[in-house]
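The first chain written gets the first letter, and so on, giving A, B, C and D; residue counts start at 1 in each chain.
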Amino acid sequence: MSIQNFQLILYRFISTGRLTKVSIVFNRFIIILIMLNIFAFALETEPSLSQFLPFLAVFEYASLVIFTIEYFLRLFVCRQDPVFKGRFGYIRYFFSFHALIDLLALLPFYIPFIMHLDFRALRVFRLLRLLQLFKLEKYMMASSRLSKSFSNRKEELFITAFLSMMILLILSIVMYYVEGSVQPEKFSSVSASLWWAISTLTTIGYGDIYPMTGLGRFISGIVAMMGIGLIMLPTSIFGASLVEHISHKDTPKDS
Amino acid sequence: MSIQNFQLILYRFISTGRLTKVSIVFNRFIIILIMLNIFAFALETEPSLSQFLPFLAVFEYASLVIFTIEYFLRLFVCRQDPVFKGRFGYIRYFFSFHALIDLLALLPFYIPFIMHLDFRALRVFRLLRLLQLFKLEKYMMASSRLSKSFSNRKEELFITAFLSMMILLILSIVMYYVEGSVQPEKFSSVSASLWWAISTLTTIGYGDIYPMTGLGRFISGIVAMMGIGLIMLPTSIFGASLVEHISHKDTPKDS
Amino acid sequence: MSIQNFQLILYRFISTGRLTKVSIVFNRFIIILIMLNIFAFALETEPSLSQFLPFLAVFEYASLVIFTIEYFLRLFVCRQDPVFKGRFGYIRYFFSFHALIDLLALLPFYIPFIMHLDFRALRVFRLLRLLQLFKLEKYMMASSRLSKSFSNRKEELFITAFLSMMILLILSIVMYYVEGSVQPEKFSSVSASLWWAISTLTTIGYGDIYPMTGLGRFISGIVAMMGIGLIMLPTSIFGASLVEHISHKDTPKDS
Amino acid sequence: MSIQNFQLILYRFISTGRLTKVSIVFNRFIIILIMLNIFAFALETEPSLSQFLPFLAVFEYASLVIFTIEYFLRLFVCRQDPVFKGRFGYIRYFFSFHALIDLLALLPFYIPFIMHLDFRALRVFRLLRLLQLFKLEKYMMASSRLSKSFSNRKEELFITAFLSMMILLILSIVMYYVEGSVQPEKFSSVSASLWWAISTLTTIGYGDIYPMTGLGRFISGIVAMMGIGLIMLPTSIFGASLVEHISHKDTPKDS
């Protein structure tokens, strides 16, 4: 069996294109392993679970080995993929978005072995591991009805979002002048005022910043009503698009 | 009249299958009694109503007698039900989900008579009584249009929920590093950060935990916007499914 | 001109059935006067507007005179209404829901003249004036498309509401045991726990009561998700009903 | 080349009617400049960015020159617009809504040069600059499907909004009496009570004002449920209108 043949068989086994039953099982295993790593990452920070830290570390190192093998396997077989068939296939795959994310998710583990970094910097690198989820989304969102309905109404959803942003900014500026004179330590700048606007528009209302003047409360009411609109408009647009989508699928195309 | 006949008549009177007018009335009475017991349970905890405690106790014991009789009656006639007709009918009914819930809801009353348990443990057992509501739901949700529309779009609703969960977890990890350095006592672990994420995503915003850094507030805004999406997506999916359901019912099947 | 004729002409001028242009103008005037009275009622409580109190009092007494005249006019002409034509017409009108509300809204002004009541009791009676708005709603909601769509789906909306209530009550009981041991002064009874549940379900989150245990926060998340469902379900049901309504109106009935 | 011809060519280059490619580019440039000015305005208030103030000032003065030139250019060519062709064309354009906003947005920069005003007054004038966004909206909202669907259901949306307002006011009055006796410093007047009502209806719940009595909490729950309705009703109405709009566009008009 030549290397070419071996690459082809392996490609069929690990490709994300769902070619064979083996590839589906393999990719599901990788996805579950990514998710378990994220959970392990979260559990490590629990003070009450500190006695399990050694077990989590073992699990992380085992996963690291698997992800490293996976990375080199994918690099090894990449030329079987039609996209990377031609010249410089390995180099083009290496610099592809997918492969770079895989590499970035692996690097934070290996860098400490090579360079001498302090703990603080390491923390930042570790967050890169979360990029692994982009792969996850790629697997799941593929060709769903939802994403089609979304791209159908992309323009309207974008205009709604953009206008909301601009009106929000303007109301923040107004609020900065209205409330700033009464609560200068809270509404200290337009960005602080914008934080109030976001917290009000989304109807969170943490309670760390709120208006005290009559005019400020009136504007607050308007922003909150806009927040209702922020729920209403995309729901209506998106829902109507889904209804259209469903009814088009039902009726024959020539009618 | 043989026992067989007596069982059949009784089965027709108490079956939840709505066979006769008597069975409908009987089951409605049981449902109302279950609900009244839950209300009584809630009223017992009111300090201002402590003088009514004896009356509530009398009501509870009376209900207990009725529920006990009901339990044994259902056990007595269960073999008239086609499902439990064959061999080991009584045993299979005894271990059916429905019968086990009924038993679990009764046990907490009788256990103190048999064993000697302290007050604390009793409390926990009492909560089992709430399982009675599962029966209630069974009665009401049966074959409604809503549940059909829901199961139609189960997959899409599940993917939406699952992806939201994963993104939420990742944002919690990010937030743990971003806010943890400024408010280490609030964002003390990823689970504490997750509590912030849930409180923000659902736009509750209790105000016990909120971001203070610029980046943290920016992430907060993103999570809150996702919360808007969390309302938007299922509403659209479910609403569109209902519209489809209604229009299908209206048009003849051959068109 | 006989009294009979005079009653008929007057009935045409003040009837709420929109018989003539005069009656439409007259009833609009009454509606606006009711609303202005509610505004005046609100303004009276403003400490910063206390110097306008005499003017507001004059306006209230003037309105009182008009409402009193209106009440007796309607009583005078009521027998022209087909509903109150037969025997005991005046008495049946006097005890009709509409006339009783009118009377209840007037009484609080006259009672202090007749009886000697202290200020506290008067306050309570004044609130009855707000019942005038029921008339307002009657005028506006009549035969709208919205109310039809609502009554179409009344059953589903009711079941959704009822089940939510029951699950809310049960979660409040659970929360009372879970959080009550950590925060006994906050979750002091099931009713206090229910206040938390309402504040969480509707995603208000005032911040006066919130969970502190891990399990309590988990339940909080579930309740908040149910709150999302509380927005989702009726929006979907009602929206789908409106779509159905519109499409039925468009298509001919024989198709 | 006569002035007439020069005016026509210039009109084609700067008209907001999207006549030529040059006019589209020119108007996009103006829109982006307006938005950048609003951002600059917001950045000026940031204490941490005070070292960039000179740069922002330079940018503002440069924009001012451009906006001034734009204003006089539009005034110069206005008679080429069919609307302002006849007699008093310049005067009618000068007093048109569009031109007045442009002038009001420019004035705050020039007034300090002419008159001697203190800093406080200047602040208020600066806010007028935000009126520039009205132009922005005019550009973007023109003839969209959304605005049509909105005007289709304007009446229903208005009635929903108006009734909500009235019920809100009444509940505020009730709340003023219910909570005012327990928390007189919080629910000090109906307007303070109305602030609570808005904060509850929109489910913000800042936590600065909340009910403490049982009845007050019950009313709070009702208001919050109304808030759910406030999201539900317009979403349903608007969504149904969009669905109708889309399906009408699809089917031929004679069917």
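Following the convention adopted for this analysis, a contact is a pair of C-beta atoms (placed from the backbone, for glycine too) under 8 Å apart; a residue touches a chain by one contact, two chains touch by 3 or more.
As the structure is a prediction and not an experimental result, all values here were calculated from the model.
The equivalent interface to A-D, defined as the listed pair sharing over half of its contact pairs by residue number with it, is C-D out of B-D, A-C or C-D.
When chain A is fitted to chain B on its Cα atoms, the angle of the rotation, on a 0 to 180 scale and to the nearest 5, is 90 degrees.
Centres computed as Cα averages put chain B at a distance of 32 Å from chain C.
Work out the mean CA point of chain A and of chain C, and you get 46 Å between them.
Annotation for chain C: residues touching 2 or more other chains are 191, 203-207, 231, 235, 239, 243, 247. Residues 156, 159-160, 162-163, 166-167, 169-170, 172-174, 176-177, 188-191, 194, 200, 203-207, 210, 214, 217, 220-221, 224-225, 227-229, 231-233, 235-237, 239-240, 243-244, 247 of chain D are the ones touching chain C in the complex. Against chain C, the residues of chain A that register as touching in their complex are 203-207, 231, 235, 239, 243. The residues of chain A lying in touch with chain B in their complex are 35, 38-39, 41-43, 45-47, 123-124, 127, 130, 133, 136-137, 140-141, 144-146, 149, 191, 195, 198-199, 202-208, 230-231, 234-235, 238-239, 241-243, 245-247, 250.
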